[in-house]
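Letters A, B, C, D and E name the chains as they come in the text, with residue numbers starting at 1 for each one.
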Amino acid sequence: MPLILPLLLAVVLFCIGVYGVLARRNVITLLMSFELMLNAVNLNLVAFDAWRINDATGQTLAVFVITLAAAEIGLGLAIVLLLFRGHGHVDADAARDLAEQDELVEQEKAT
Amino acid sequence: MTLTWTDWQAIAVPLVLAIGAVAVLLVDSFWKSASAELRHTVVTLLTSAVILFGLVFVWAQRGGFKPAFCQPAVEGPAECSFVFEPLTAGLWAVLLVGGLGVVGLSTYRLLASDVPIGEYHFLLLSALTGATVLAGARDLATLVIALEVVSLPSFAMVGLRRDRRGSEGAMKAFLVSVLSTAVMLFGVSYLYGVTGSLYLTTIANRLTGLDPDLGRVAFAAGLFVIVGFAFKIAAVPFHAWLPDTYVGAPIEVTTFLAVVSKSAGVAGLLVLVTAGIAPDGSHLRTVIAILAALTMTVGNLAALRQVEAVRLLAWSSIGQVGFLLAPLAVGDAQAVVGYLAAYVVVTLGAFGAVAVVQRHRPGGLLTDYRGMVRSEPGLAAALIFFLVVLAGLPPGLAGLFTKFAAFQAVIDAHLGWLAIVMAINVMIGLAVYLRWIAELFRLPADDPFSVDIETPAVAMISLCAALTAVLSVLPSILFALST
Amino acid sequence: MTTALFSVAGAVALIASLFVVTSQRIVHAALWLVVALGAIAGCFGVLHAEFVALVQILVYVGAIVVLVLFALMLTKAPTNPLPSLTTGRSPFAAVVAAVLALILGTGVVLAFGNEKIKPVADGSAQAVGTQVFKTWVLPFEVLSVLLLAALIGAIALSVRKKED
Amino acid sequence: MIATAWRVAGVGFSLLVVLAAALLYGVDPQQTMAGGAMIGEDFWFSYEFRTDGLTVLMLAIVGVVSTCVQVYSIGYVRERIASYTALVTLFTAAMVTVVISDNLFLLLIGWEVMGVCSYLLIGHYWERRDARAGAMKAFLMTRLGDVGFLFGIFVLGVGYHTFRISELGSGPIEPHTLTIGTILLLVGVIGKSAQVPLQTWLPDAMPGPSPVSALIHAATMVAAGVFLIARLYNVFVEAQTTLTVLAVVACVTMLFAASCAMAAVEVKRVLAWSTVSQLAIMFAGLSLGTHDGRRAALFQLLTHAAFKGLLFLCAGVLLHQVGSAAFVVLRRYTRRGASRKQLRVTFVTMTIGLAALAGVPGFAGFFSKDSVVEAAWEQAKDGSTVGWIVLVSVCVTTAMTAFYCVRMWLWVFFRTPALAGAVGAFEGDDPMADLDEPDANKLRDGSWLMLAPMVLLAIGAIGLGYTDGVHLNVVIALITTVLALLGGLAAYSLWHRGADPRPVVLEREYGVDPAYQRLFVVPVGWLAKLAVGNDRDVIGAYVRATGRAGVLASQGFRKLQTGNVQTYLAAAVVGAVALAILAGVIGS
Amino acid sequence: MSEWLLIALIAVPTLTAVVLWALPVVTGDRIAALVGTIVSGVLLVVSFVLWWDMRRPHCPCTYQLVDTYGSPPRTVPGKLMPDVDINVPWIPSLGVRFHLAVDTISLPLIALTALLVLLCCVYSLKITPRIGRTRSLIALLLVIETGVIGTFAAADLVLFFVFFEIVLIPMWLVIDIWGDDHDRAGRRRAATTFILMTVLGSALMLLGFLLIHRHAGTFDLVFLGQHPIKGGHGVPLAAAILIAVGLAVKMPLWPLHIWLPDAHAKAPTVGSVLLAGVLLKLGSYGMIRILLPVLPDATATIAPYLAGFSVVAIIAGSLACLAQTDVKRLIAYSSVGHMGFIGLGIATMSPEGLNGALYANLAHGIITGLLFFLAGAIKDRHDTSDLRAIGRALYARLPRISGLLTYACLASLGLPGLAGFWGEMLVLLGAYHPADWLPRATFIVLMVIAGLGAVLTAAYFLRLIRELCQGDPAENPPAAFAVDLSRIEFVTFAPLVVLTVFLGLWPFTLLNQWTFL
């Protein structure tokens, strides 16, 4: 089996994830896209492990990554819920309370 | 494998920190009978004790060299996951001092009242655990996971006030962080694929003399790893989350982000660079240099017209990171650690002063600081001193000499263009801080500024000022940290 | 044989993940994610990384997706099609992703175009276990700290404030 | 009280100079020095002084004229006495420094301090616009010359490896270095002595107090140029080219200035131009490059000091009594010889002075001028072009001098017999002016303090001609006398007809001043505006633009900070891709 | 003993400043000024003691003087000949040492600094800016004194840089707080432009220092003076250019002078005096001390350009003065011209030119200090420094002050017999007779242009006198001024007046200091 096959799949998955991160609005969908990206990583790790070394280091790291992803998702969803409580929505691009406040500049100029 | 005594010694500090974290959590959770004040005091003392232990340990072991979690390698020396060496000691000292400062800043009645104390200190200690591990990590798996241990608790802390702004800040930081982790891991997977190892030394060995096609992949992989760290330390163009998050978070957490979280990122990057991912002459160093130039320029320029104190500090910290990246790009650990140390102490002080003012003037505008030299001369003098150190002018010799070391590193590495960019940025940076200093001297438009400052804050700020003063008189301490 | 199997699983994963990022129903997206992750688990299986595949199914499909679905419910996500789920920046995002794919793909093909893999069939679970407890003790332990911290953090964030 | 003290000190100092001259007379040349430092690899520099015959001569002139001026000023100057007296004293002291100095830089100190003193004294009446402008012009033009002088010092000093005057001229030097150095020195001399082309300041300096004019014209400032060339004569003699240049300059100047004087309508202005012209005669004598020429020039300097000092003091009385020295004003007092009678001493002494200036035989000016002509003839005889040029020029100038002296004398003190004014006459502008008879009875001759110096100088204007012993070349004396007579007759006949034709060219003094204004002053004004504009709109604009760019960039970054986390992510990903591409470019 | 005196020179002012700040606010401004006066007076005495001490035969430079009396060698000029020498390691890992040393080049400048600060403090006893806060002003002046003296005494490049930078923030505060009280935005802009341009310049200079360090492995000026860096291109050239640019900003040379007019015009009187009298000297001193001895070949490469820019500065500064309508601004621009002369002198690399530059440094400090004091006196009385608003005929209104102004103008335009002359003369002589390795024709052309610049200098000062002092008093009715020249002003100005005459008439005292060049 050619090594290139899983690698290309990983690349495509990763880029689909990137697309999702940039194109989707709901934070939960963003999290899903991140999962795709992390899976691309795992695919790479497993494929490389199988290709050359075969000492299961890659697989171990893949397992770590899965765990890590779980931790991230857990905290992430907590943050999402918090966001929802505060804002009433979970759209990433609509939470803009913290943007630069232009009226402050005007206020400063006035004094 | 069996853990040897050396292994335990090497990871003693992170271990104690982790245990301390759990202990703090337990104390807070199960001692509900105590008053809030008492509980807060005990928790603070416990946390401080743990961190102080770390500092004492670092001081005691400062000259040692202890590789841990080692694995006999197929060829060459043993591969180790973790190394305690002078560089680690220096980074730990910086990180622990930063953590201690944040704890001091979070003492009773200084910490925002709606932040749960136990969880806050637990998360703080967890992140510190991750940071200390990160500074000693010598394999990619540990590096990545330790970095996550720094990041995730930090974001939890950002949202810990559980309000609208905090959640937004936490969300932004979190999203960016996850993306960066993904990118970094992607890079790690390729590095693993190309070299077949996760140990930094082995990777560095195998990276030399690669086939050009593989070399290109390895380069992209290294780039991705560096980009991942660049997200964490908010290097331009991966910086945009930082001001929003800094503003959204409670100010103590902002301080934590600016001091510990950022230092940890720098520490990780430093480990990567010095351990050989980006050896001398590698184009990755050029990439870091480009990042440095971009970061300092954009950070300082953007800080130029800020009207909020915290946001100004946020942008200026981006600028400072740019300066940090410059010696990093040439692998001068001594200069990086020195810079980091001065930056940490001064940032702590500056944020401390801002925290004191913010509690009386929640708007946090620069105009709130007007007339402070008259009404609060001591606080104003301290704040001016910190700002001057950040700008790198006398009397802030600590700042001056750390910048000087950065310049020296860059010049010695023949990066003339970067040095010129740095010189220009010294000017822009000065302009940033001067605006603030000028506000302090201006006569207030309305009621004169006055605050009642609690003893912890006074102690904290005085300590920072004193430490900065000592470092200004004897800057050699800064550069002795990592040697 | 493995190539064919892998191709099928990969194609499924690909298509499913495309649906994940394009579906206008957010719940559908979540379900497509299950399919995609399952297919990737299949890929792992083909590569004889059975342990990873199992963990994948267990953690992802079993835990994470359920978590996601709960979150969707808690945030009152609508089940009807929602065109606004994808922002107007999607063409731009597509271009960026395509360029990235092109660069990475070219690099990968150039570097690994002629390599073959022969996955060994003997149990990967044992190998992984050995690795975890022999070599990667430190990251493993740190990971435990991470999980604990994330857990406590999630709880701390989720607990409502006292005055609420 | 303070003023009196100043006056006493001033007169005392002048008398001290006279005393010094008297004591030094006949004493062997001496040299002393004070201080000292190496100012370079091989230049020793200290204050060196010397006394010799020339010094004594100059000290005598300076002392006497200065004493006269100081005494005269007691009666003349009524306001700002302290500063006036102090400056006149300083002026004298500076000239003394020039005279006794044996070091070029020390000489330069005196040289320029004189310039400053003249500036301040010309601007004594700083309320008046013409005084302000004249003072400034005087200083700037002499300063321009002084820069050349300084460079000349460099050239000669470095050439001879010494800045000591008495050592100059000895030792090897490249001929062209010598020429350049002397010509540069000449520039300074031309500026100081108001020779063409730096002549315009001297007539404009006339708004200053008359005694000061006397001091400047007779003994100090303008004479310093002549003194310098006389002092450095052995150097100048070596440089033939320079002497030729000097001759040309001198001849052009004497004719130019005399012609200007012929058309001037104010007593002091006539005198000023005559000074320029007379100085040119001295330079002409020096330019001959012979011992006789130098001697003649110094003789002329001596007599000129007497009669020109006298004339200015007389003009001062006129100014003091009448309030103006313009012909047209003075003429109103001529009915029935009022001014002659009321100002008897002034009239007599001024007549003597004018006679000396015009070269009437028997008066001092006659002898000194003739000695120059004689020296020129000695040269011309041998076929020297310079000699011929000088000879002719001086002769022509003699006629012109006689013309303007007689013209002035007549128009100022005598009523024209003609009934109505003819061409260019002074009443032509205002027919009623003649009827507007001022009260001439108020005219007084002034106090004895003012008259005594005039008398003293009048005696000098006659007697000094005989100090050198009378050795007339009869032919030359005859020729010059005839020429002077011709000039005087022409003036008389014009006056008699009530005509005073003043060609426009001469009245405008050849338009040199406006030309300079257009050529130098106006462009400098433009350049000044340009420099300010350059600072404001070019360099300043860059600085401001940098600041503005910083602000704009800052605002731009603020705008980028939209709060939308997805734009942040997009920027980051694009950044990463860009870095990847960049890295690919670098890597390949 | 001398070492302690030198340490005291640097430490005492700062310590006094700290004490002043620490004193309670009720401490009167007068007392602060008095303390400042006493301290800076003591410093002046100390600097003279050091100077006198140096002339004793134990000092190596004195031997030098005797040795070279007859035929001094045309060696590398500006080299540090340390007399008092303090040398302790400071930051070993960066190669930085705390190395102080003074010689006859630096001591006169130190004395000048002490003198001007003393006069500023004396002046502040009675006359203070309207904004008050004299205590802080005095303290800042003392800090500036530390920085300046430290710069003059530094024998280590990094130490030089540090002291160079110490001055910035105090000066910025002085301009920003006590500056022109009619134009808040203007004085802030001026102060900020000043500090930002200087900081950029000094950062570039630091790059040059680091290049030297990379090349020679040390920052020590004494060592570098004994082992100059050879080579006129490549790294030494880059270092020389960077250092020259950095110092040129401070000096300031055209076209980097743009900060100067505003800064001087907006600063309070004492600020202007120190800025013009002392701070500008840091640039020229640095050139003499660092560029010439350490990088002789590279300096020779850039010297013609340096000279060219200096001459442009002379001409452009003088021309700009001709069109100014503000007294302080005019004097500020005149500094551009004068510093141009100094730059030209340094660029000649000849003993004459360097003597001239050193002399002009001191003379300019004294004369321009006096000019700014006088401009301040006029400004205090009219509440403006605009010529048109002040009106003419100041001779009638303020005869003594305007008389002194005339005197100072004459001194400044380089009248022989006053201090300004010798510097300019020697510089021009140096340009006529530059070092052997420089293109002589170029320098002679530059000398001629600079000479014309001297005429322009005269022109604008005379214009100033004409526009300000002279004029018809009837047109500008005299305002009632309580005093013409107050006693404190007299006391303050008198030393400068006397020194101007003394240095003008007796240049040998100073010139003999530098014969070891």
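Note that contacts are C-beta pairs under 8 Å (C-beta built on N, C-alpha and C of every residue); 3 or more make two chains touch, one makes a residue touch a chain.
Bear in mind the structure is a predicted one, so any value in this text is a computation, not a measurement.
A.B. asks: Going only through chains that touch each other, how many steps at minimum separate chain B from chain C?
C.D. replies: 1
A.B. asks: Applying the contact rule given earlier, which two chains have the most C-beta pairs between them?
C.D. replies: Here the largest contact count links A-C.
A.B. asks: Farthest chain from chain C, comparing Cα centres?
C.D. replies: D
A.B. asks: Which one chain sits nearest the middle, judging by mean Cα positions?
C.D. replies: E
A.B. asks: How many angstrom between the C-alpha centroids of chain E and chain C?
C.D. replies: Here chain C and chain E have centroids separated by 70 Å.
A.B. asks: Go ahead and note the Å separation of the Cα centroids belonging to chain D and chain E.
C.D. replies: Comparing mean C-alpha positions, chain E is 37 Å from chain D.
A.B. asks: Distance-wise, how many Å sit between the C-alpha centres of chain A and chain B, to the nearest whole number?
C.D. replies: Computed from C-alpha means, the inter-chain centre distance equals 23 Å.
A.B. asks: How many Å are there between the centre of chain A and the centre of chain C, using C-alpha atoms for each centre?
C.D. replies: Centre separation, chain A to chain C: 10 Å.
A.B. asks: So which bits of chain B are touching at least two other chains?
C.D. replies: Counting only residues that touch two or more other chains, chain B contributes 141, 145, 148, 152, 155-156, 159, 162, 170-172, 175, 179, 183, 193, 216, 220, 243-244, 305, 431.
A.B. asks: Where does chain C touch two or more other chains at once, residue-wise?
C.D. replies: In chain C, the residues touching two or more other chains are 87, 89, 92-93, 96, 100, 103-104, 108, 112, 135-136, 139, 143, 146, 150, 153-155, 157.
A.B. asks: Of all residues in chain A, which are in touch with two or more distinct other chains?
C.D. replies: Counting only residues that touch two or more other chains, chain A contributes 7, 14, 17-18, 21-22, 25, 31, 47, 51, 57, 60-61, 64, 68, 71-72, 75, 78-80, 82, 92-93, 95, 97-100, 105.
A.B. asks: Would you please name all pairs of chains that touch?
C.D. replies: Pairwise, the chains that meet the contact rule are A-B, A-C, A-D, B-C, B-D, B-E, C-D, D-E.
A.B. asks: Where on chain D does chain A make contact in their complex?
C.D. replies: Touching chain A: residues 558-559, 561-567, 569-570, 573 of chain D.
A.B. asks: So in the complex, which bits of chain B are touching chain E?
C.D. replies: Residues in contact with chain E: 334, 388, 393-395, 397, 400-401, 404-405, 407-408, 411-412, 416, 419-420, 422-424, 426-427, 430-431, 434, 438, 441, 475-476, 479-480, 483.
A.B. asks: Could you list, by residue number, the parts of chain D that touch chain B in their complex?
C.D. replies: On the chain D side, the touching residues are 550-551, 553-555, 557-558, 560-561, 563, 565, 567-569, 571-576, 579-580, 582-584, 586-588.
A.B. asks: Can you list the chain C residues touching chain D in their complex?
C.D. replies: Within the complex, chain C touches chain D at residues 87, 89, 92-93, 96, 99-100, 103.
A.B. asks: Give the list of chain A residues in touch with chain B in this complex.
C.D. replies: So the residues of chain A touching chain B come out as 7, 10, 14, 17, 21, 27, 30-31, 34, 37-38, 40-41, 44-45, 47-48, 51-53, 57-58, 60-61, 64-65, 68, 71-72, 75-76, 78-80, 82-83, 85-87, 92, 95, 97-101, 104-105, 107-108, 111.
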